[in-house]
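Each in structure tokens, the structures are laid out below.
Below are two complexes that have subunit A in common, paired first with subunit B and then with subunit C.
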Partner chain A sequence: MLMRLISGDSPRSRLLTALLLVIFFGLLFAPFLFPGVRALETAARICVFILLAASYDLLLGYTGVVSFAHAMFFGMGAYGVGLASQHMGRGFGSLIFGSLAGAALAAAFALVIALFSLRVRAIFFAMITLAVASAMAVLVSQLSQITGGEDGFTFQIPRALGPANRMGEFGGINITGKILNYYVVFFVSLALFLSLLRIVNSPFGRVLQAIRENDFRAEAIGYRVVRYRIIATCISAAVAALAGSLFALWLRYVGPDTTLSFAIMLDILLMVVIGGMGTIWGAAIGATLMVLAQTYLQNLMGSAAEATAAIPLLSRLLDPDRWLLWLGVLFILSVYFFPAGIVGRLRTGR
Partner chain B sequence: MSDPILRLEGVHTDIAQYHILHGVDLDVPRGAVTMLLGRNGVGKTTTLRTIIGHWTARAGRIAFDGADITAMRTSDRARAGIGYVPEDMGIFSDLTVEENMTLAAVSGPLDPVRRDRIFAAFPPLRTFWRSAAGTLSGGQKQMLSIARAMAEERRLYLIDEPTKGLAPAIVSTMAGALRDLKTEGASILLVEQNFAVAKALGDHAAVMDDGRIIWSGPMQTLATDAALLERLMGLSMEQA
Partner chain C sequence: MTDAPDHRPTMADVPIADRIARAMPLLLVPILLVVGFVAIGNPSSWLTLTVSGLAMGMMIFIMASGLTLVFGLMDVISFGHGAFISVGAFVGISVVLGLAEWAQAPSLLLNLGVVLLAVLAAMAVTGLLGWAFERVIVKPVYGAHLKQILVTVGGLIVIEQLIHVIWGPDEIFFARPEMLKGAFTFWGAALEKFRLLAVVIGLVLFVAMRLVFRRTRIGLIVRAGVENGEMVEALGYRLRLVFVGVFIAGSALAGLGGVMWGLYQEVITAGMGEEMMILVFIVVIIGGLGSVEGAFIGALMVGLLQNYIAFLEPKLALISNIGLMTAILMWRPQGMMPVVKAK
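This part shows the complex of A and B:
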């Protein structure tokens, strides 16, 4: 049953299995294990970014296509939900319509970009996605009447998912709409993650892996490489948009900084590389580590700086303001010591 | 020769700024093994790659079973019935042997009878069926490469130096598998540097030099004519 659920793609390492189980149960029981707004915020962010990184891995890790527009697709889903909720009124209908419209728009954009660029060479796809993503970010900032410009906009979600909806108490924790909202994010992310696992372990996924390894060989067997790449690109974009919808639902806000920025694109790239490209499980590990580091590294460094206050140079190096420097150091070290990513390393033991 | 399975007429191919094929004319007869011979760098691999569509012919015509395939996509040529075994083996090392074989069966599931025939020809593939192809030895990779081309019924096999760099025992397994293919009536265009293997398998031969076919005829004629062999291939009868 469990193997069917994960499409027979077992983690193939005890330590990796243990890590994944810790992440899964940590997220499943997050509202009860880690009470507090910040912890729940972090858990929801981890759910969304696991899905987002996994969708990017379908493209980068399984197809070998480099895209810089993934944050743009993420933003399309987020703005889809935001705009639908703003104009159609709060309600589940708006959420579903906005999510589907965002996903459809993202897939359509991906199709057009792919048709123009993937037919020539995959590298053009990277260049074109970079240009289109930059143009889209500028467009969203300029169209402030619709998008709220640089400030973005807040919107209302169904009352059932709001913090004012109190549904009782369980295990000493007040069950509110916010927790219900978290579980919507969690279960939809989980369902889409499992769908991605199903895709990469299907015959279609095997063809993608073959294309990644050598596109001419795949073509010489009889597979139309461009068509497969285009389909993968569209699926990846649609799932990224759905991740964006979940993020907007959780935040009840959309803005260019939270959904469209190049910083998010870099985060996604790092999550996939650190976790291990072409594994899907790697996205779960990479996204969890990155979000935890981004959220708690500063606190950790603050405590370390206090503890080493007597050592002048070290305490200054550990100053919480230098957290980005240390995040960069951690990234360099992880790429150096785990060139195949954490999952690759754990699977091969090398 | 009547109604060849493959016909090349005046095929010219450029790779970047280099003009490699200078008007190749070649007929590959049905149900026979045609050896494409010649020294290194004369255009044998480029000829195979032009036939499968890796390189586009700048001029000339390629007809497969009577149909013009010169402008056809590589994938369509493969689906039309041309199996290609590249010089570098062309296996997918991240995938298992089973996955490599399943992928090669493009028109449906791998036929169990065909799979068993492949196992009989290449026993190590059964042993390593669920192993990553990248972990196989060089000879086993070459077996997988040929087995993959055999995963479906092909009307023509293009095979590029299948015995290159292999141990004598593996060469004999490879030659045996190719002989079986020949017995089944397959049409094969085979590039081979090992003249002993070429002589044993070939029905016809075409010799290339400087991007052209300079001689073609029965293998028997080439193998028994010392002067011709010396002139075309630079080989003495002892070396052959």
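This part shows the complex of A and C:
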């Protein structure tokens, strides 16, 4: 049963299994294990980003295609939910409609971009997605009547999911709509994560891996490489949009900084590479680590910068704002030395 | 001994349509100029817009030429190129700020001297940085596109953050050297002096590059290497050395472009290179990967179109470049002048 659920793709390492179980149960019982607004916020973020990183891994790790538009697809889902809730009124109907519309739009965009670029050279795809994503980010910030511009906008979600909805007490914790909302995010993410796992372990996923390893041979065996790559792109875009919808639902806010920015794109890249490309589990590990580090490690850097304030250059290097610098270094090193990421490391170092 | 078989060479006339189709990329810029003239309808605004479009195009070309050559020669796609643009701008502008007395003196000679020094300093630093970048970041990942993209993006992040560490987190505003401020008036059209300078520098650079490529031995090797690297190596040339040289030159050009762009905008940020990279990529793609001429035409088209559209229909300007790229790729999926690469 369990093996069926994870599509027979076991983590294949005891330590990795333990880590994943910790993440799973940690997230499952997050509202009770870690009470407090900030912890719940972090847990929801982790859920969403695990899904987002996993959908990116389908593209980067399994198909071997680099896309810089993943944050754009993420944003499409988020804006879909936001705009639908704003214009159709609060309610589950507009949430579902917004998510589906966002996902459909993302898939359509992915299809067009893929048709233009993957047909010629896979490397075009990286450049064209970068250009399109940046144009989209500018467009969203300019069309401020519709999108709220740089500030984004807040919207209302169904009352049942809001903090005002009190449903009694359990284990000393007030069960509010906020917690219900968390579980919506958690279970939808989980379901989509498991379906991604299903996809990559299906015959279709095997073909993608064959293409990643050697596209020429895959074509020679008789698989239409371009078609497979395009389908993978569309699936990954649609799932990214759904992750964006969940994120918007959780934050009750959409804006360029939380969904569309290049910084989010870099975060996704780092999660997948550090966690381990070519395995969906890697996305889970990478996303959890990154979000935790972002939330808690930056404080540590701040205190380190204060401690070294006397030394001029070092304190600047340790400034919490320079956090990307260290991630960049880590990123380069992991591409060179641990191309299979943490998961690959754990699997071989058994 | 039998006679050689009767052989009659056929000199088929190339139909006029084919000839036009072949020369089409070269005609695009003039066509764009004429269409722009008709659409704008006002000669003096047209002239102003054309000069600023050409200036912008030339600066983009300066940044794009190195990238396209690096790709053509070694099949390396460097996302780190944007970092060199930013570094060039910061180094160059530091020189301009450091020599404030020269820059503020109302003497054209001193002002140009400052710009020249800034350019030289920027090119030296970015050239050196390019050399280091090639050694440390790019060298271990030859032949693996996926890793190249990832690693060079990593390099881009690190260099950008180091700029923050060295020059501080804020953008730097400054004024252009005294004599390069303001504009000439010519037939009722205001032509900014700096833009004219940019056009001149871009043209000189393009002509010089063409001369190097067409008339010198090293240019011959580079062109041959782009076309078929293995064959050039088989003939005994160490293409790797040539490639390192091209990488350094390309980085230095990115630095030059960065200084020019910084002087043009009168503000520099660490993220400016990253923003420019988007235009640079569009130019490289529509020009055809590996083609300097294609990049030149592409850059001019991007610059002109952006300026014309910003005047005619400001809302469309945001997506004009994407539109241009889409149109060109529909017409020629490989870009305008793809360099044939023996695979």
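We adopt the following convention: the second predicted complex is superposed on the first by the 309 of 350 C-alpha atoms of A that agree within 3 Å, B and C clash if a C-alpha of one lies under 4 Å from a C-alpha of the other, contacts with A are read in each partner's own complex, and residues count from 1 in each chain.
What we mean here is this: a residue touches a chain if its C-beta (ideal position, glycine included) is under 8 Å from a C-beta of that chain, and two chains touch if they have at least 3 such contacts.
Remember, predicted model here, so these are calculated numbers, not experimental data.
K.L.:
Is A:Gly222 in contact with subunit B, with subunit C, with both, or with neither (first, second, both, neither)?
P.N.:
The first partner, subunit B, only.
K.L.:
Thinking of the overlay built on chain A, is A:Ile173 touched by subunit B (first), by subunit C (second), by both, or by neither?
P.N.:
It touches nothing on subunit B or subunit C.
K.L.:
For A:Leu15 in the superposed arrangement: first (subunit B), second (subunit C), both or neither?
P.N.:
In the superposition, A:Leu15 touches no partner, neither subunit B nor subunit C.
K.L.:
On the A-aligned overlay, A:Arg322 touches which partner chain: subunit B = first, subunit C = second, or both, or neither?
P.N.:
In the superposed model, A:Arg322 contacts subunit C only, not subunit B.
K.L.:
When both complexes are superposed, which of subunit B and subunit C contacts more residues belonging to subunit A?
P.N.:
C
K.L.:
Identify the overlap between the subunit B-contacting and the subunit C-contacting residues of subunit A.
P.N.:
none
K.L.:
Can you check the complex and tell me which residues of subunit A touch subunit B?
P.N.:
So the residues of subunit A touching subunit B come out as 203, 206-207, 209-210, 212-214, 216-225, 278.
K.L.:
Mind pulling up the subunit B residues that touch subunit A in the complex?
P.N.:
Contact set of subunit B toward subunit A: 52-54, 73-75, 78-79, 84, 86, 90, 92-95, 99, 102-104, 106, 148.
K.L.:
Considering only the defined contacts, which subunit C positions touch subunit A in the complex?
P.N.:
For subunit C paired with subunit A, touching residues are 77, 79, 137, 140-141, 145-147, 149-151, 153-155, 157-158, 161-162, 164-165, 169, 274-275, 277-278, 281-282, 284-285, 289, 318-319, 321-322, 325-326, 329-330, 333-334.
K.L.:
Would you mind writing out the residues of subunit A in touch with subunit C in their complex?
P.N.:
Of all residues in subunit A, those touching subunit C are 60, 64, 66, 116-117, 119-124, 126-128, 130-132, 134-135, 138-139, 142, 262, 266, 269, 273, 313, 316-317, 321-322, 324-325, 327-329, 331-332, 335-336, 339.
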